Amino acid sequence: MNLHEYQSKFRFAEFGIPIPRGKTASTPQEAYEIARELGCPVVVKAQVLVGGRGKAGGIKVARTPEQAEEYANQILGMKIKGLTVRKVLIDPAANIGQEIYLGVTNDRAAGKPVIMASSEGGVEIEQVARDKPDAIIRERIDPFLGLLDYQTRNLASGINLPYEHWRAFSKIATNLYKCYVASDAVLAEINPLVITKENQLLALDGKMIIDDNALYRQPQLAEMRDTDAEPKEETEARLAGISYVKLNGQIGCMVNGAGLAMTTMDMTRLYGGEEIGPANFLDIGGGAQASKVAAALRIILSDPNVKSVLFNIFGGITRGDEVARGILEALNEVPTRLPMVIRLVGTNAEEGRAIIDNANIPNLTSAATLTEAAKKAVEYARKALAAERGAQ
Amino acid sequence: MNLHEYQSKFRFAEFGIPIPRGKTASTPQEAYEIARELGCPVVVKAQVLVGGRGKAGGIKVARTPEQAEEYANQILGMKIKGLTVRKVLIDPAANIGQEIYLGVTNDRAAGKPVIMASSEGGVEIEQVARDKPDAIIRERIDPFLGLLDYQTRNLASGINLPYEHWRAFSKIATNLYKCYVASDAVLAEINPLVITKENQLLALDGKMIIDDNALYRQPQLAEMRDTDAEPKEETEARLAGISYVKLNGQIGCMVNGAGLAMTTMDMTRLYGGEEIGPANFLDIGGGAQASKVAAALRIILSDPNVKSVLFNIFGGITRGDEVARGILEALNEVPTRLPMVIRLVGTNAEEGRAIIDNANIPNLTSAATLTEAAKKAVEYARKALAAERGAQ
Amino acid sequence: MAILVSKDTRLIVQGITGREGSFHTKQMIDYGTNLVAGVTPGKGGEWVHGKPVFDNVKKAVDATGANASIIYVAAPYAPDAIYEAIDAGIELIVCITEGIPILDMMKVYEYLKHSNSRLIGPNCPGLLAPGIAKIGIMPGYIAKPGNVGVVSKSGTLTYEVVYALTNAGWGQTTCVGIGGDPIIGTNFVETLQMFEEDPETEKVVLIGEIGGRAEVDAAEFIRAHMTKPVAAFIAGKSAPPGTRMGHAGAIIEGGEGTATEKIEALLSAGVRVADNPEQIPSLLH
Amino acid sequence: MAILVSKDTRLIVQGITGREGSFHTKQMIDYGTNLVAGVTPGKGGEWVHGKPVFDNVKKAVDATGANASIIYVAAPYAPDAIYEAIDAGIELIVCITEGIPILDMMKVYEYLKHSNSRLIGPNCPGLLAPGIAKIGIMPGYIAKPGNVGVVSKSGTLTYEVVYALTNAGWGQTTCVGIGGDPIIGTNFVETLQMFEEDPETEKVVLIGEIGGRAEVDAAEFIRAHMTKPVAAFIAGKSAPPGTRMGHAGAIIEGGEGTATEKIEALLSAGVRVADNPEQIPSLLH
């Protein structure tokens, strides 16, 4: 789960990391009031869960409260990479001396957290990582020991930080790691961490991603989820225990298991070529109860791009005839006229296919293999697209 | 540093361990009020840093507030193993069903904390440990992982605790370990942990010892030190950075280094036999500045049993002449007519001895070896004792 | 012959009295697995499907000589169950549980390194050694004894491939689902090494997916150390970069971890990579 | 020949710019120790007694090839210094610092177990290998080269015994002060084993004190594994049971750890035990 900049920074502040004393505004009037209270210049920053806000015009420096109001008016409601800005953060502008990068994340290969620092903060850190890997100092952290003092000094020394700042920097690094652990984060990042011209260290921008699996023990963070910022189908899916990601293709896919779901997507692309592809990733998880299938179907059909639906269920322990009955029940609840292909594998798969065939649903056919199923779904989608073009 | 029962239990309560809702009283009147408030019967318990309070008459059950007052009157001011009782704890009496032992301490051999439980709480646990080692269930704790849930269940299962109590017991064990860690304890012990006839688990008595080396980061606990409960010379020594323990012999020893200090004690006993021995353990630590030597000398001389004084200083890096001058300065500050023997070893030891000899202090002689020094100190003490006997 | 399990494997089930634990206990026994006992705290003395239940792993091990454990315990309690198994000296631990927080798994992983235990998973379907033992949740009928070793990050996609192999006449020595979480007990390289060393295994199938760089490491290992032919399928070619795909492991990290990158690494290590999982059997010829 | 150190030992000093660190650096250099550098955070680039100072251990190791470190850092920071040395791959770490909390040391001890480093101490006088190196605070002049190995829990008591040996004509291979804290990096048994294996060491002196059961373990080891004669002295015979004697380690725990118990264990293992430390040299004949 991603946190907004303001959520991340306010969280950092709880752990003793110095941040600008900004506030969020949901209206231009609020922005005006905050700018007046803080004193100008201020920075008006779009709060949206996507990168590249600056380039998109989502970050502006205002010299007066009136200007802050004006910029807030421009930014609020703006769409950045498809997401609508509903809040701005008004921060006092800082006198930036130097920009540092500081972040904690998981090093999968090592199975440990890693803290990284670079004297070249502010720009795209991935770019620095690619072009000058030595400019990023890394310290792997023993999860039992935590970040040790000497490691924070190694970072400070590694990025050639003047000694006068070591103490403050070490404290920030230590607190960032504490925040990362206490928040069950998979990423806690300050970029840039600036040295102001007044010689203070300040976390100017912040980003946190929380481990979804740990939200059960992070109620305070779980509440921060910005459901406005995620497509409403994804919210719905999450609440139903379904993994769903909307994509741009035409074939609605319903699959059990994430790997098989991706494979099913890949098959529609393999046979669909440039034109036809998956409309979504959807993993209904274990079992195939009618209610869950129905919820998944509703979500798939809410996408107007969908031209055909592909069920790919590997029953595993579950019996194929039960799965088939679950799907028929769901179709009863959520009727559709879109062409559908169902592929059932597992125990009693043949009985399952017989049940589907006997139901005589005109727009539902079964397939024996994934290849056959994908090809059929592509064909249906292609026909539907052609028909649409013909109708135009 | 030892904590009183009430300090330990109140600390346990901060960590969520159920304790009787008792209070401490320093006067019989207070005891009366508390007993009235809690409702009788209550237990009046001497708060004193020594075992065997019950046998000494320091623990009594009162059926009425008047009786509580009467018992408090008897117990307050009582001496138990040389320590004066200044406070009593008034606890509501519990309906004891079963008595369990539960304690966390350090397993030196394993280098880990160990938690121990026994269904035979209440009696001397050391006795149980000797007679029926299997009746004590032990779980060693990985200091990085902490006490794991499965280990608390192993304890519960190992002491044949009825399943209905496992949850409560596990929680107490977990919290006791947390308390031990958060307090930098070397011992955190509940004995007995009782199952009341109302089927509740309750920590009826508690004991904690805090790691002296960690007191610098435990200011709240450091403040709990009951200086009333320790001999005032030991307090004085502690504040001067000197390790001092009063003993029952006649030879005041001043030594640098704990091992050498014990050895010096042992030598006075070796040559002193049954009659003559060390009056104290005293380690002045590194160096031998006059001020510290003077403080140590004052402490030694405050013991009326002391008949002779033995200095044993292995200079190590420090020069013997400097040590000698430090001692002479101290003797100037703290004059005494007791016979003294000084043994100096290390760099410039001969020069040091010359300085001592040239000072011509009639009651101060030097010795070349520890053996010689110990024999001389013993001889002086023996003479002084004989003179005293003669005078009587 | 199989890797990881043998006829000497004596399995216990941690969480045997739970719904899932009990169900799969029956399935594993029916498959012929040497399942000797179960563990559920406070239920010591009960019996499940004819197997004794103990209060803790140590008692189960003392009583039965168990050397393997499978864990069906909810995520908040699963790390404790893993530690209990490690501390009891269990050699092979298979953890089915999904949804264990990464921070917990990093600690488990660190602890495992200094132990004598091997962990498979978590969030995995477990192992299936056809004709020998089933330790996990893979449906037994999809496999048959043979000479192909299968290792996979995925669940149902594994079944898909194993089923395709079986239908095409390729039996398996062992099918290992290692799980797709960011932190897992046993990775591709370790499993490939076991297959390389296993005399019965003649060919190997690797099933990967987007996210992380485990498949690239696998490719490097294959190039440098494997003599047996390897075929592979990588899921997620059509996934957009940076989108989370349900598996915690399936995040594309900082430009690494795309399907294309993995496929290229495998191809250049001499691995035959399928476009379609159903194509895998034909790549073994 | 000595144990633990040799002419290849390249020593750094952690905390070299501190009062104690700087003083003993001079002493160690004067003794002839191959002291190559020092470490003090933020003082990288300075020089102390002609030796370069680095900001961290890793830089010092990279620049000088150091393989040993001595730590003169205050107790609250000493564990961090030990971890830094371990993580930098230092093989021999001697920690002089006294007063490290037990909880911190239990973690250090656990971490050490899974490392390639050996820790001597903390709260110890360090090592003295006469004619080779002095790593610690023992006064150099008390020792001379010879064939006696000395291992001790104590500080000045060690000097006493070593000085007595030297004066009686018994030189030493190595004098090791292992420290008397409840948790130490290297214990009696490990040190005795090194002396047993060291071809130059012909006789061994062990100096113990009350508290713990390290001397009893040592006695068991001597009985079972040592061929070289051992003489011993145990301090604290006259200490009352249960009284704390300044050393955190010198607590008599639950009826164990009395001097009498230790002396009996040593005697029954064939060790000659002195009543008086000055008697030790005579027991070596």
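Every chain is named by a letter (A, B, C and D) in the order it is written, and numbering of its residues begins at 1.
Keep this in mind: a residue touches a chain if its C-beta (ideal position, glycine included) is under 8 Å from a C-beta of that chain, and two chains touch if they have at least 3 such contacts.
Computed from a prediction, not measured in an experiment: that's the story for all the values here.
Asker: Need the graph distance between chain B and chain C over the touch network, please.
Answerer: 1
Asker: Which chain's centre, taken as the mean of its Cα atoms, is farthest from the centre of chain D?
Answerer: Taking each chain's C-alpha mean as its centre, the farthest from chain D is A.
Asker: Could you quickly compare A-D and A-C and let me know which has more C-beta contacts?
Answerer: A-C
Asker: For chain A and chain D, let me know how many angstrom lie between their CA-based centres, rounded off.
Answerer: A distance of 55 Å separates the two centres.
Asker: Just how far, in Å, is the C-alpha centre of chain C from the one of chain A?
Answerer: 28
Asker: On a C-alpha centroid basis, what's the spacing between chain C and chain D, in Å?
Answerer: 48
Asker: What whole-number Å value describes the gap between the mean CA coordinates of chain A and chain B?
Answerer: Taking the mean C-alpha position of each chain, the two centres sit 58 Å apart.
Asker: Would you pick out the residues of chain B that each touch at least 2 other chains?
Answerer: Residue numbers touching two or more other chains: 142, 144-145.
Asker: In chain C, which residues are in touch with two or more of the other chains?
Answerer: 107
Asker: Would you tell me which residues of chain D are touching chain A in their complex?
Answerer: Residue list for chain D touching chain A: 41-42, 44, 55-59, 77, 80-81, 83-84, 87, 107, 111.
Asker: Which bits of chain A are touching chain C when the two form their complex?
Answerer: 106, 108-109, 111-113, 126, 129-130, 142-144, 181, 184, 186, 211-214, 216-217, 243, 245, 247, 255-263, 265-270, 277-278, 281, 283, 314-317, 345-347, 369-371
Asker: Once bound in the complex, which stretches of chain B touch chain A?
Answerer: The contact residues of chain B facing chain A are 144-145.
Asker: Enumerate the contact residues on chain A facing chain D in the complex.
Answerer: Listed in rising order, the residues are 142, 144-145, 148-150, 153-154, 157, 163, 166.
Asker: Applying the document's contact rule, which stretches of chain D touch chain B when the two form their complex?
Answerer: Residues 23-24, 27, 75-76, 99-103, 105-107, 109-110, 137-139, 141, 152-160, 163, 180, 182-183, 207, 209-210, 212-213, 217, 233, 235-240, 243-248, 250, 253-255, 259, 275-278.
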